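Listed below are the structures to be examined.
In what comes next, chain A is part of two complexes: it sits with chain B in the first one and with chain C in the second one.
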Partner chain A sequence: MTKVLKTNKSVEEAVKELLKFLLKSGKVKGVFTLRKINGNGAVAYSLITSLDMLKDAVPLFPLMPANAGKLLSNLTLRGSVVDPVVAVVRPCELRAFIELVKRKQGSLENLLLVSSTCAGVYPLEMAVNGDIDKKLSQYWDATKRGEIVPDTRPTCMGCEHFLPYTADITVTLIGKKDIDNQCEIFLNTEKGQQFVDGIDGEFVEGKLESEEVVSMRNKRKDEKKRLFDEIGIEKFGLKGLIETFGKCIGCHGCSKVCPICYCNLCYSDSKTYEHKPSVYEMQLKRRGGLRVPPDTISYQIGRLTHVGISCVGCGLCADVCPANIPISTIFLKVGDSVQKMFDYLPGRDVEEQIPVTTFETDEFVEVED
Partner chain B sequence: MKGAILNVTENIAKTIINFLEKGLDKKCFDAVLIPIKVPAGDSFAWVLVQNKSLLKDANPLPPVMPVQGAKALSSITKMGKTNRKIAAIMRPCEVRAAVELSKLEQVNLENIFLISIDCPGVLPLKDYLGRPKEAMDKFNKILHSAQNDIQWGNESTRPACQVCDKFIGTDIGFCQSNLHIGILGTEDKIIFLIPNNESGKSILNEMDIEAEKSVDNWEKKAKEIIEVRKKKRKEVQERLKSEVMGIDNLLDTFSKCINCHNCRSACPICYCRQCYFESEIMKLPSDDYLMRADSKGALRFLPDTLLFHLGRMTHMSLSCVGCGACEDACPMSIDVSQIFNFVADNSQELFNYVPGKSVEESLPLKTYEEDELHKVEI
Partner chain C sequence: MNEKFAPKIVGFLCNWCSYAGADLAGVSRLQMPPSLRTIRVMCSSRVNPLFIIRVFLIGADGVLVAGCHPGDCHYQKGNYQARRKFAILKNIFENLGLESDRLRLSWISAGEGPGFAKVITEFTEKIKKLGPNPAKEEVFL
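Now for the complex of A and B:
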């Protein structure tokens, strides 16, 4: 059982109230959350330090303009925040951040992590014409009923890790019929409990792993299986790879937005990937023709090899792909398989070491000579 | 102006491919750089071809521009000149970008034979993917509409293409290919091969193609469309001015940007291996972020979104060829190319510079003129 802060306010209000309390009481120096900017409907992550600016915060807005894990890494890359900062992020963003911390790309120190049982987000393209605002009531209706929200991103619909693993505080949304006038905020850690000390509300005991959560996990698992079957990656072979990635335009936007791809300069953008004219001439002679720029599939497979073990399936890669390649589903499927081989779940626990940095004398004996 | 006339067999694309095959046979060039349909049939990719049988799926004028041709050429010749002679068949904006990249030492034009074609524009990549067949039909309609549509191209092509006044690969389009292929005003019955220089003439000579025919009718038609496009470009930019000028409008326009930098990756001119805005310099100590947030109450994260666009603009606008690749790659459908085009037109005019017009014309920032820009002197 976990300690729960219960208030008679809508979820949106209660979360904002919590953030306000933390900022006003000086317990935190800043609030990191989604915010409406520019008054034109655009939503972006922001670091808020004034109470006044907090009014534009939309912590639960169903959009992921960037993976917050990547942003938190940016914030803490050069050293942890000196004064506490509270961050409201989605479970996959949190998992990504944990993976980045393991890779020494960020620090958890002085961060109070707030997350929610996540109902998913809409594709970025729906943020272009303000379509999300029209969908909001449908989004919350489905969430209350504990159903998969239609039109959210495919990876979200098939995400089974919607219950945050390492959050100090978790707001429950899925299957909560009363979220319009009642909010349950789970205080998972001692840190979480200390920070909310002094806030208005009733404290009760509760269980995060509710019936609704279990039921949703099953639905998502089914959807994930359906998604994987649809892509049919097992049957890909070289032909399938060529057909799938043939339309890649080489922008590498997928690696730019991927929270796990933290390299300042991707290997595939490095000099190693540039060839002298003589190399092209040799290939011409050997094969009669070659695609330029070359190495389209090599890039995808290379990235897959690099990030697969830590892929949290946040879906941003597919969201930004100008060629509409279902990258996230492919990466998640391969990531899932690799992760299972090592019994590893990225972002589950910061103490859990990345498999490739761990030496086990007794594993994969079957591939030994 | 004079040129050769080729009769169209089957269709324009096939006629051009036959011409290229003949060039390969006669060893006028050793390989061809041309867009070829990808195996899944849902896009086009640049392929360097020596083996003629690979040309069966080639399309010298594909309906989309997934990769700007100059980028393909750069990947082959960035490290030095190629020893094999390559005929690169590209759209005028791709030729112009290649010429700019040669000045920036990212393309080596030695042994490269540039062939351009009258360009009706391309469809947005988003409109093509998923429904390639329908899109292809739509594009073919546009392609053949030159006879009755004075704009040549309609609202279906990309915004950058709709207002492009440099879609011809000869001096009237400020473009310096070696050989230009004219398809306007021919009712798809013939095509014109118009040599732009000695190298163009000598290749036609080698192929026993006489280039003494008048191309006046083609040129007249091309000039008509150029005038219409110029007018439209002015109108659109006038409207854009009121929408994007000033810091508030700019912030508003780029507020949806998610910092993926796809625009810079797709841009042929942005050749930096690592963009300044992705470098270590942009990663600040956490205190700095908090201080900046404190000064305004809230700091957008990542910060400096607008700074990236303005920085990129400053870096590349003198060489911007208005190809529209940036906008095609933007997941948030921001009018990047239109805004960049607008600014580029103005900055280029300031130096009386047309990017891609001539390899001899040096980049304004590399040229010292004692007598210029007096109005900004103190």
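Now for the complex of A and C:
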């Protein structure tokens, strides 16, 4: 059983109230959350210190303009935040951040992490063409009924890890019929409880793993299976890979937005593969032709070997792909399989070691010949 | 099957064991197919999965990664890490429907000249059965 803060306000309001309380009481010096910008519908992650700016905060807006895990890593790469900061992020963003912290690309110190049982986010495209505002009522309707929200990112619809693993505070959304006038905020950790100490509201006991959550997980599992069957990558082979990644324009946008791809000197962006003419000539002699720019497939498989083990399936890579390649589904499927080899779930626990940094002396004898 | 097909295998051999094993096989004048193109690395864990993907896509018919036996690594634990990386890569190959049989990981010590010859002979035979790597002639990689 977990301590729960219960208020008679809508979820949106209650979360904003919580942020306001934290900032006003001086318990935190900054708030990291989604915020409406300029009133033209644009929403972006922002770090806020003034109470005035908090008015435009939309902490639960169903959009992920960037993976907050990557953003938090940017903020804490050179050292932890000096004063306490509260960050409202999605479960997959939190998992990505934990993965980055494991790689020494960020610090959890002085961060109060607030997350929610996540109903998914809409593709970025919808925010750009303004469709997202029309969809909001549908989004909250489906969330209340505990159903998969249609038109969200494919990987969101097939995500089973919508319950945040390492959040200090969790807001429940999925399957909560009365989120318009009631809000339950779970205080998972002692840290979380200390921070909300003194806030208005009723404290009760509750269980995060509710019936609605279990039922949603089953629905998502089915959807994930359907998604994986549909993409059918095990039948790809060389031909399928060429067909799928042939559309790639080589912008490497997928690696730029990927929270796990953190190397600032990427092998694929380097000049390593810019050969002397003689190398191209040798290749041409044999093949009779060469794709320009070359190496799209080695880039994608290479990225799979690098990030597959920690892929949280946030779906940003497919979202930003100008050629509409379903990268996120491919990565999620391969990542899932690689993670299962080690019984590893990225972002489950900051103490859990990344499998490629450790080993057992008696394993995988089947790959030796 | 094309009888004239002579496989080309790229082998990443670790400096301390497998490379010396290859050397011993050579000075012992052991017979084996001339299919191996050797790349010496300081440790089998130096082999970035990207190297393997790269040579596979360029058109190597087989890729061999060879290192010291488990427990014998010159750097204590390199080969264990190499094995993990190799297992992950093999899993990815299988997931994408690529021929993971063209990849091989073997432990060959400096004293195993005949062992080295055996690995090369076996692997070459296996590749002969699989035929040439289709990536060799693909244009749109």
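Going forward, the second predicted complex is superposed on the first by the 368 of 369 C-alpha atoms of A that agree within 3 Å, B and C clash if a C-alpha of one lies under 4 Å from a C-alpha of the other, contacts with A are read in each partner's own complex, and residues count from 1 in each chain.
Following the convention adopted for this analysis, a contact is a pair of C-beta atoms (placed from the backbone, for glycine too) under 8 Å apart; a residue touches a chain by one contact, two chains touch by 3 or more.
From a predicted model like this one, the values you see are computed outputs, not experimental measurements.
Undergrad: Under the stated touch criterion, which partner chain does A:G308 make contact with: chain B (first), chain C (second), both, or neither?
TA: In the superposed model, A:G308 contacts chain C only, not chain B.
Undergrad: Considering only touches as defined above, state whether A:D319 meets chain B (first), chain C (second), both or neither.
TA: Touch status of A:D319: first partner only.
Undergrad: Would you sort A:V204 into first (chain B), second (chain C), both or neither based on which partner it touches?
TA: neither
Undergrad: Quick one: is A:L136 in contact with chain B, with chain C, with both, or with neither? Answer first, second, both or neither.
TA: A:L136 contacts neither chain B nor chain C.
Undergrad: Using the touch definition from the top, say if A:V214 reaches chain B (first), chain C (second), both or neither.
TA: In the superposed model, A:V214 contacts neither chain B nor chain C.
Undergrad: So which one touches more of the residues on chain A, chain B or chain C?
TA: After superposing on chain A, more of chain A is contacted by B.
Undergrad: Kindly classify A:C263 by the partners it touches after superposition: chain B alone (first), chain C alone (second), both, or neither?
TA: In the superposed model, A:C263 contacts neither chain B nor chain C.
Undergrad: Touch check for A:R291: first (chain B), second (chain C), both, or neither?
TA: In the superposed model, A:R291 contacts both chain B and chain C.
Undergrad: By the touch definition at the top of the document, which applies to A:G250: first (chain B), second (chain C), both, or neither?
TA: After superposing on A, A:G250 lies in contact with chain B but is clear of chain C.
Undergrad: One more residue to check, A:N74. First (chain B), second (chain C), both or neither?
TA: First partner only.
Undergrad: For chain A, what residues appear in both contact lists, the one with chain B and the one with chain C?
TA: Looking at chain A, the two contact sets intersect at 242, 246, 287-291, 294, 296.
Undergrad: Residue numbers of chain C touching chain A in their complex, please.
TA: Against chain A, chain C makes touches at 49-50, 53-54, 57-59, 70-71, 77, 80-81, 83-92, 94-98, 104-107, 119, 122-123, 134-141.
Undergrad: Can you list the residues on chain A that touch chain C in the complex?
TA: For this pair, the touching residues of chain A are 233-238, 240-242, 246, 267, 283, 286-291, 294-298, 301-302, 304-306, 308-309, 333-334, 337-338, 341, 355-356, 359-361, 363-364, 367-369.
Undergrad: For chain B, which residues are in contact with chain A within the complex?
TA: Residues 30-31, 33, 38-40, 42-43, 45-51, 53-54, 66-67, 71-72, 75-84, 108, 125-126, 129-130, 251-252, 255-256, 258-262, 265-266, 273-274, 278-280, 283-287, 289-290, 293-294, 296-302, 328-333 of chain B touch chain A in their complex.
Undergrad: Quick check: in the complex, which residue numbers of chain A touch chain B?
TA: The contact residues of chain A facing chain B are 29-30, 32, 35, 37-38, 40, 42, 44-50, 52-53, 56, 65-66, 71, 74-83, 85, 124-125, 127-128, 239, 242-244, 246-247, 249-253, 256-257, 264-265, 269-271, 274-278, 280-281, 284-285, 287-294, 296, 319-324.
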